[in-house]
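Handing you a structure now.
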Amino acid sequence: MNDMTNPDVLARHLKIVGTRPSRPDGVDKVTGRAQFGADMYLPNMLTGRVLRSPHAHARIKSIDVSKAQALKGVKAVITSADFDDLPSEFIPAGEMMVNFRDMTRNVMAREKALYEGHAVAAVAAVSEAVAAQALGLIEVDYEVLPHVMDVDEAMQPDAPLLHDDMFTIGVEPTPAKASNIAKRVEFGFGDLEAGFAKADVVIEREFTTKPVHQGYIEPHACVANVSEDGQAELWCTTQGQFIVRAFCARLLGMEVSQLRVKASEIGGGFGGKTVVYLEPLALALSRKACHPVKMVMSRTEVLQASGPTSGSSMWVKIGATKDGRITAGDALLKYQAGAFQGSPVQPGAMCAFACYEMEHVRIVGFDVVVNRPKVAAYRAPGGPIAAFAVESVVDEIALRIGMDPVEFRLKNAAKEGTRAPYGPKFGPIGLVETLQAAKAHDHYKIPLKPNQGRGVASGFWFNIGGETCASMHVGEDGSVDLVVGTPDIGGSRASLSMMAAEELGIALEHVHPSVGDTSALGFNFLTGGSRVTFSSGMAVVEAARDVIAQLRERAAKIWEVPVEEVEWLDGRANFIGAGEPKSLTLVELAKSAGKTGGPIIGNAAINATGAGPSLATHLVDVEVDPETGKVTILRYTAIQDAGKAIHPAYVEGQMQGGAVQGIGWALNEEYIYDKHGHLENAGFLDYRVPVCSDVPMIDTVIVEVPNPNHPYGVRGVGETPIVPPMAAIANAVSHATGVRFTDLPMSPPRVLDAIDTEQAA
Amino acid sequence: MAKHHVTTTVNGDSVEFLCTTEQTLLDVLRDELFLTGSKEGCSSGDCGACSVMLDGRLVCSCLVLGVEAEGCEVETIEGMAHGEHLHPLQRVFIEEAALQCGICTPGILVAAKALLEKQPDPSETEVRFWLAGNLCRCTGYDKIVRAVLDAAAQMRAGAASSASGKSSIGNKPATARA
Amino acid sequence: MDYQTPTSAEDAARLLSREGAQVLAGGTDLLVRLRAGMASPAMIVDIKRVPDLRGISHDARGWRIGAATSCAEIGEHAELSAAWPGVVEALQLIGSTQIQGRATLGGNLCNASPAADSVPALIAAGAVCEVVGANGRREVPVEKIVTGPGKNSLARGEFVLGFRLPNPPKRSGDAYLRLIPRSEMDIAVVGAAVALELDAKGTCTRARVALGAVAPTQLLVEDAAKALVGTSVDDAALEKLASAASAACKPIDDKRGTVAYRVKVAGVLAKRAARIARERASAK
Amino acid sequence: MARLILSGNLQQLAGGDSEVEIDAQNVKQLLRALSERYPALAPHLEQDSFAIAIDGEIFQDVWFAPIGPDSEVHLIPAIRGG
């Protein structure tokens, strides 16, 4: 919607955009009043529970639910037999191309259980206790099969096969033999040989990362209520109520309009709540029992059966000249998809070298299935993994040629007009500005002590737009209801109502935002890809301008003047034609709305395009205990291009939160499976997300290089902050110890082992 | 086995409920008393989202049996504000954007209030270690720690009382009036 | 599941001697096991109303800590913290502030986790348990309670009523250190406690060294203690201590650490704990 | 005529062509022309979801985004994100 671009908006003095008002949902959130997924209670509500596979890979020979069915208090039992099988085809479901054959098998195992925790049956009963007892009465006859957890092992020709109908896409000709390799992707251009020939220094290294979970504190939860006539309501914690509707309707064979989905307040998602797990099961149970059914995952279930993002095995080779010019880059990325195809290796490959001006570049990626839960999006999906490898090698090259790592990046930084490794040329982007800010930052000048090291890394994320609606209703007293279709996961009701108030020229307190259910608005793509402040912001601005146009018409009618002679400024219509100046406020016009033509409602239904990439540079100082291998984060500074920070406090919050998730990914978070494929750390005790005392204050610098395609210059900011941290920390630990770290996480035993091995050598 | 009849005090009011031995205090607060401000994030005492005060001690309500509450004083997030007057911590958390998704916020506020009652002038390190049992995945803790330190300073300066008038409209403070 | 709240040690012992009875004190381990389906006792015996199970007292013999006293209460006790700083530091490392409000010394010992933080410190300090059961009361050194992961030497019906710590001798000091991956909220990968006594010249006359999480039970390492006695706890002695501590380890590889890591770090922590204990002893 | 640049997998499917001139005023026309010229590409253009970069600006699922006579056009995989 570039036609909405309005330079004078950026030029004019902004009264609300760029300030730090309190969020409209603040009081509900600090008083415990806010209703999250598990906080909904309905009369006659049953408790639903899921029976999960104890095996990493097993054929399901039979399931006998008769004993469970017969138990007093059990109202419904379901298995895959209660869902239609769906063909293996990628069909559009609410903006996404989805293979429903895989999705229906992921929510409820059919022929095989493909990972520990894979749902095989579910029950609805009058109480938690009865439901738990019923699960124990379900008899599943498994034929245990050999399993494979590691991406490199899964790619071996003799590896256990998860899907005997999987033939690698993206290699010509398509292989005749089935494998665990779902897809091969390749990006790049130029002549690698010639590029590396020009290099004075060439460094290549192998890297591995472990799967990590989004770690939202609120487990998946929902309440489904299907009535006898098939009308269905679903309350759930999700990043996209319209996506949940699209998925569930297809899985249950319903019309989308038969199903009304209301998004609860959401207790964190980070990409992990963009898919469905419990929702279709709760609907199927409710449909069978004709009762409302509530389902809530335990933390163990969350870790065994939802998320995470891919583990990986990578190889990166970069060449550069003595004077610090990158001559060529080559990368091989192998990502775990979990039990079904669809790892984020493609965006990972596209991000890998996106920070740099590359003349000769190639990235090859493989999407590989293993006996682990199907991965879900996690903040800049795929990007952080590739960036860990590439930014580590970039750091090593700078070190080798004796150039400051920020200086080296500045020399090679992508800028407006640079051709991205995936093809197109960048518009205006702010990487150079973040690097200059890093160089100028006090943090970069603080002297370090023994066993301390400083690391720097940059990161890129595309950002997206997508289908978005907003509706603005002017009340009879001039107050404004703002309805948007994207769940508020981190303060978007604040930023969106700020843009509405700015456009209308009224006080923020008169704008009352809410997140509409699927019957309130047209389709909205989900909250993800850092699109909400950008896309819903565009829709809100367009809806506001729709309202303003109507207000100007009403005033023109009242004054009997041409509408061209009425301008809208600071919340009032002013007559700017020849003669007596006249003026009517929004409140006055709202009062007479009935008489002047009826209620005033502004609507926008758009497919937002023109999202601007957000780039970042992070600085981190660490101290390593050489006797125990324990890494302490001493200092952290995140610098990022926000285009325009609508509410700077929440932009800082995104940067700080992403950085600390990155600290966890770098130092301690990992899935630990035993040799049977059983998860050994399915809880917050041993799946170690950073706690408050693990981290310092996270300093932030917001750089603003406006996105010309947004009325306020907004770029999404949520994803990019998790791209640089792992590499920045690995670089810092390497400088503190003199040992290069290429495997995550850098937990104390791994770090001490590396230090000792180095000293022994 | 028959349910237990338990008499206790919740946020100053005397309350009676029936529960099985298996039900935790968190189960009872949420499912029997519908006080859903206390959240269940892990049911193993690792996330702190269910933090409440039990006879003046900060505890995870998921690690207390409902029957153990017999004769006890329980304070939850629902009891933190007085009428329309938010507690200074609640007000500062809103003003300083110390929450994003807000799921951990009730537990963190209950825990922070317990800290400031014990130590009105905590250092950053004291705040960080006191709150180590309250996981937050959104904020990186920065704004949370700052908000606790600032609320403490305001309470010490007695700003709390004079500001509580403002907190009565905590959802639309001066800054919002553009 | 039945729930009982006996008000005398004898009633508690009687109830606990029944089949399927499970003692409840702070509940920070039991409730996790219940929720995870790892325990399903027929009866829960909440012993917190038994007299003498809570509170801290001091007499000529030394200190007495009720077994069901919460770690938070103990941590707030200034005199006890001054007398046995290592013991108090150790039990304050158990879990979060919230866990501290419930967790008890008796529970931390009787759950018999090889990684329990308070146990090495209690052993180094020479603490003794008051055990009560159907056949009356007995006193048992702490190191004799844990017999293996999840196993203790208490007979059915027996439970720990309290702990006794001697009055610390002149010029004595104790310390406990543990290694965890984060700064809080983890189970110890390795734990090391040292209690020692110096003479007027600063020579170590008595020492006890205990290790946690490096064997099926906590270890009282005689050789490590010998490495200190007769020395000024100088660097040479500390190196001997470290190798003795490492040599005593019989750890396993698990999700929290490797054998090699635990063996090495046990020595490192023993050394560091001994330094702190020495400083404390010479400060008295 | 707009210049369409192909790389990686798409280049393979287009028989190795890295750059083609295509007469199209918008994305829909471009996709149709492409399927006609490269039948091997057709199923992928339907199955996978693509984004189209026109002179550096990325359009996802926008059939009628205008393509200028001298536009440089890239076909890239759609981006979603978390």
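First chain written, first letter: the chains are A, B, C and D, and each begins at residue 1.
In this text, a residue touches a chain if its C-beta (ideal position, glycine included) is under 8 Å from a C-beta of that chain, and two chains touch if they have at least 3 such contacts.
Computed from a predicted structure; not experimentally measured.
Undergrad: Measuring between mean CA coordinates, which chain is farthest from subunit B?
TA: Most remote chain from subunit B, centroid-wise, comes out as D.
Undergrad: Centroid of subunit B to centroid of subunit D, CA atoms only: how many Å?
TA: Chain centres of subunit B and subunit D, defined by C-alpha means, are spaced 54 Å apart.
Undergrad: When the C-alpha atoms of subunit C and subunit D are each averaged to a single point, how far apart are the two points in Å?
TA: Centre separation, subunit C to subunit D: 68 Å.
Undergrad: Once you find the CA centre of subunit A and the CA centre of subunit D, what distance in Å lies between them?
TA: 26
Undergrad: Check each residue of subunit C and list the ones that touch at least two other chains.
TA: 36, 183-185
Undergrad: Mind pulling the residue numbers of subunit A that touch at least two other chains?
TA: Correct list: 214, 269-270, 685, 690-691, 693.
Undergrad: Spell out, as numbers or ranges, the residues of subunit D touching 2 or more other chains.
TA: Residues of subunit D never touch two or more of the other chains.
Undergrad: Please list each pair of chains that are touching.
TA: So the chains that touch one another pair up as A-B, A-C, A-D, B-C.
Undergrad: Subunit B touches which residues of subunit C in the complex?
TA: Answer in residue numbers: 1-3, 24, 27-28, 31-32, 34-36, 44, 46, 48, 70, 72, 95-99, 101-102, 183-185.
Undergrad: Tell me, which parts of subunit B touch subunit A in their complex?
TA: By the definition above, subunit B touches subunit A via 20, 22, 30-31, 34-44, 46-47, 49, 76-78, 80-81, 86, 90, 93-97, 99-106, 109, 124-125, 127-129, 131-146, 170-173, 175-178.
Undergrad: Give the list of subunit D residues in touch with subunit A in this complex.
TA: Touching subunit A from subunit D are residues 5, 7-9, 12-13, 18, 47-49, 53, 55-62, 65, 72, 74-82.
Undergrad: Which residues of subunit C touch subunit A once you look at their complex with the stated criterion?
TA: Against subunit A, the touching part of subunit C is residues 36, 179, 181-187, 189, 255-258, 260-261, 264-265, 268.
Undergrad: What does subunit B use to touch subunit C in their complex?
TA: 1, 4, 20-22, 24, 43-46, 48, 51, 54, 57-60, 62-65, 67-68, 111, 114-115, 129-134
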